[in-house]
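To start, the structure itself, in structure tokens.
Should a chain be cited, it is by its letter among A, B, C and D, assigned in written order, with residues numbered from 1 in that chain.
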Amino acid sequence: MDSFGWVPATAGNISVRFRDEAAGPGRIAITRSGVHKGFLDEASVIEVDFAGRPVTPGTKPSAETLLHCQVLTVFPQAGAVVHGHSVAGTVLSMVEPGAAIFFEGYELFKAFAGQTTHEARLGLPLFANDQDMARLAGVIAPHLGNAPLGYYIRGHGIYVWGPDMDAALARLEAIEFLLECELRRRQLAPNPGRFAP
Amino acid sequence: MDSFGWVPATAGNISVRFRDEAAGPGRIAITRSGVHKGFLDEASVIEVDFAGRPVTPGTKPSAETLLHCQVLTVFPQAGAVVHGHSVAGTVLSMVEPGAAIFFEGYELFKAFAGQTTHEARLGLPLFANDQDMARLAGVIAPHLGNAPLGYYIRGHGIYVWGPDMDAALARLEAIEFLLECELRRRQLAPNPGRFAP
Amino acid sequence: MDSFGWVPATAGNISVRFRDEAAGPGRIAITRSGVHKGFLDEASVIEVDFAGRPVTPGTKPSAETLLHCQVLTVFPQAGAVVHGHSVAGTVLSMVEPGAAIFFEGYELFKAFAGQTTHEARLGLPLFANDQDMARLAGVIAPHLGNAPLGYYIRGHGIYVWGPDMDAALARLEAIEFLLECELRRRQLAPNPGRFAP
Amino acid sequence: MDSFGWVPATAGNISVRFRDEAAGPGRIAITRSGVHKGFLDEASVIEVDFAGRPVTPGTKPSAETLLHCQVLTVFPQAGAVVHGHSVAGTVLSMVEPGAAIFFEGYELFKAFAGQTTHEARLGLPLFANDQDMARLAGVIAPHLGNAPLGYYIRGHGIYVWGPDMDAALARLEAIEFLLECELRRRQLAPNPGRFAP
């Protein structure tokens, strides 16, 4: 994510669900608050429970931990969540007047769960940014069931998930590719019209 | 290809024709279905015959294997085929209303077989995407003889080939450079007109 | 900074305040004049005092040393100053008719000192370039108290600082991300209007 | 140059004047024809004289060798010449109707010989591409004395030089930065007007 420029400064967060129940049930590993994600080491990752509370007292999880917990709670099959900020996503999320950015006809749709064809129109839901994470989680909740690509917080960043970290990162690569395509397409002309066939 | 961002998620495929007939005639090495091309290892590559059937039962070739087989069948001098997805190519292939993207006057034409001058106008044929590879191969077949740069499947990706992998990759670099030039040129103004002299 | 393309040729300068007073009070380490910042070694860094004079006679500090000294004098809590040139910043600083580039509603504001929310409108002050550094420092002086993101010299480059080098670099990453967003947004259409909610 | 994408396929050439006259007077080391400049080894570089003839019979210099010889002949103080193809330069060289691309007010001018201020307007002369190198050298000759940044062959690539390879590469970085700025500025609007103060 750092090599793509998606975690500038101390932005972004990544989390993984512990599958080994011997390690204790209901634990999540997540990046600590305030560290640069391009320079992660063991001390940069902490354990939290599904309410976002640190397992080791005194360790401070990121403010956005609650949104990771929410995804991992709602989707039992999800094993990893990635949250990053790209230039294309940030710009599109701030200029798009609709409630979602829609994509149509891309082969890369097949990177996402259950998608077997490019012949689809898929939306990336957009939510207004909010520093109150509990309130933001409440706004997002009713839409999680209809977010095949993940979701975007306007002017902030994306949330994408998958069965494991490799899958979540592959989907992030795919959706960021789509966002970059969409931004570049909108730079072609003020009213470029619909895509060819 | 990964360092350029041309194989996001598990996109893209590369194949090489076996030249050592002692290894068995009519074999192709091709990337397996569903692996990230930035993390290839020995297990990521399988053998298929020219009908796209796996040599080792139980190994699963990519759906696009048929298109690789087609190029290697039609062009006996081709030793390698590369298929990737770039942002520039994806966008242009989706906005271009014509049956091809045309390029004119580029020195980089000389990277392609038989081109000795920039004084040419070369087309990159565009085909509608299709999840049915046999049908898609049938649509492409009559145009392969007139595809000096390779060809593009709209919203999907490019196919480029050469006598060996180094040559195929060099041509891919050249055509992607042309696509990026063309996209950037179209971003200059709604009607930028023709290029200067 | 070099990997991002922000120190082309011999552009850019970085400086650090000596905190170890045993090393002598009032010393700054700064990159030497005329070296490429992507190939720094020990000999590329020299010591100056807060008036910008070299500690070791015969070593030549960069012409821009005075601007580093100014920031480190005005802000006792600043430990490092970075000065770089990006394409996005250079272009925006040359086309923006106002006295500052304004940003609004970005989550990345939180990378800057004292910013706890995206709900703000922050300006990056712009100053006309000048080869006379003493005169330029005099023009900048009255504005340093109102430069939450740093400042930009038109057609030249940015100055950003922080308590230490890691923090200064993180802020530089953040402001360059904002500049790239702003440039890309302005490429969407001649009059793209204000950002969506 | 490869890491910046300026030598796609087998494009580009670099040359160095032998300063050690013990090695024989009037020799130039230059990259061989047809090799990828991102994978240079000892065998990729050959020796030629100032008429562009190979010192070792049977080694084949690049077709563009004559243009390197010309620069090194006209400018005795030049020790290295770099020739590359960038997307920004290629596009601008093909859309610019004038005989040169002009730049104004950039601090980076100071990367070039004799430039001490940003307060200048410098032109990068443009020449029509030609596969006949002797003829092209003849067209370029009368303009070499007025090419403070180097020169550009339309749709082909740039020639930049300096006292040694480090200096030539630094200048290339600088001029490519200016070209990228200029291209991005022209993408802002059809008639963006002049730069702000």
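To be clear about the criterion, a residue touches a chain if its C-beta (ideal position, glycine included) is under 8 Å from a C-beta of that chain, and two chains touch if they have at least 3 such contacts.
Keep in mind that what you see is a predicted model, and the values were worked out from it rather than measured.
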item	value
Set of chains adjacent to chain B and to chain D	none
Homomeric contact chain A-chain C: same or different residue positions, threshold half	different
Chain whose Cα centroid lies at the greatest distance from that of chain D	A
Angle of the C-alpha superposing rotation, chain C to chain D, to the nearest 5 degrees	90
Chain A and chain B: spacing of chain centres that average the CA atoms, whole Å	31
Chain B-chain C separation of Cα centroids, rounded to whole Å	44
Two or more partner chains touched - positions in chain C	187, 190
Chain-chain contacts as defined at top	A-B, A-C, B-D, C-D
Partner chain A, residues of chain C touching it in the complex	105-108, 111, 116-119, 166, 170-171, 173-174, 176-177, 180-181, 184-185, 187-190, 192, 195-197
Residues on chain C engaged by chain D in the complex (per definition of touch)	5, 8-11, 36, 85, 87-88, 90-91, 94-97, 128-129, 131, 153-157, 183, 186-187, 190
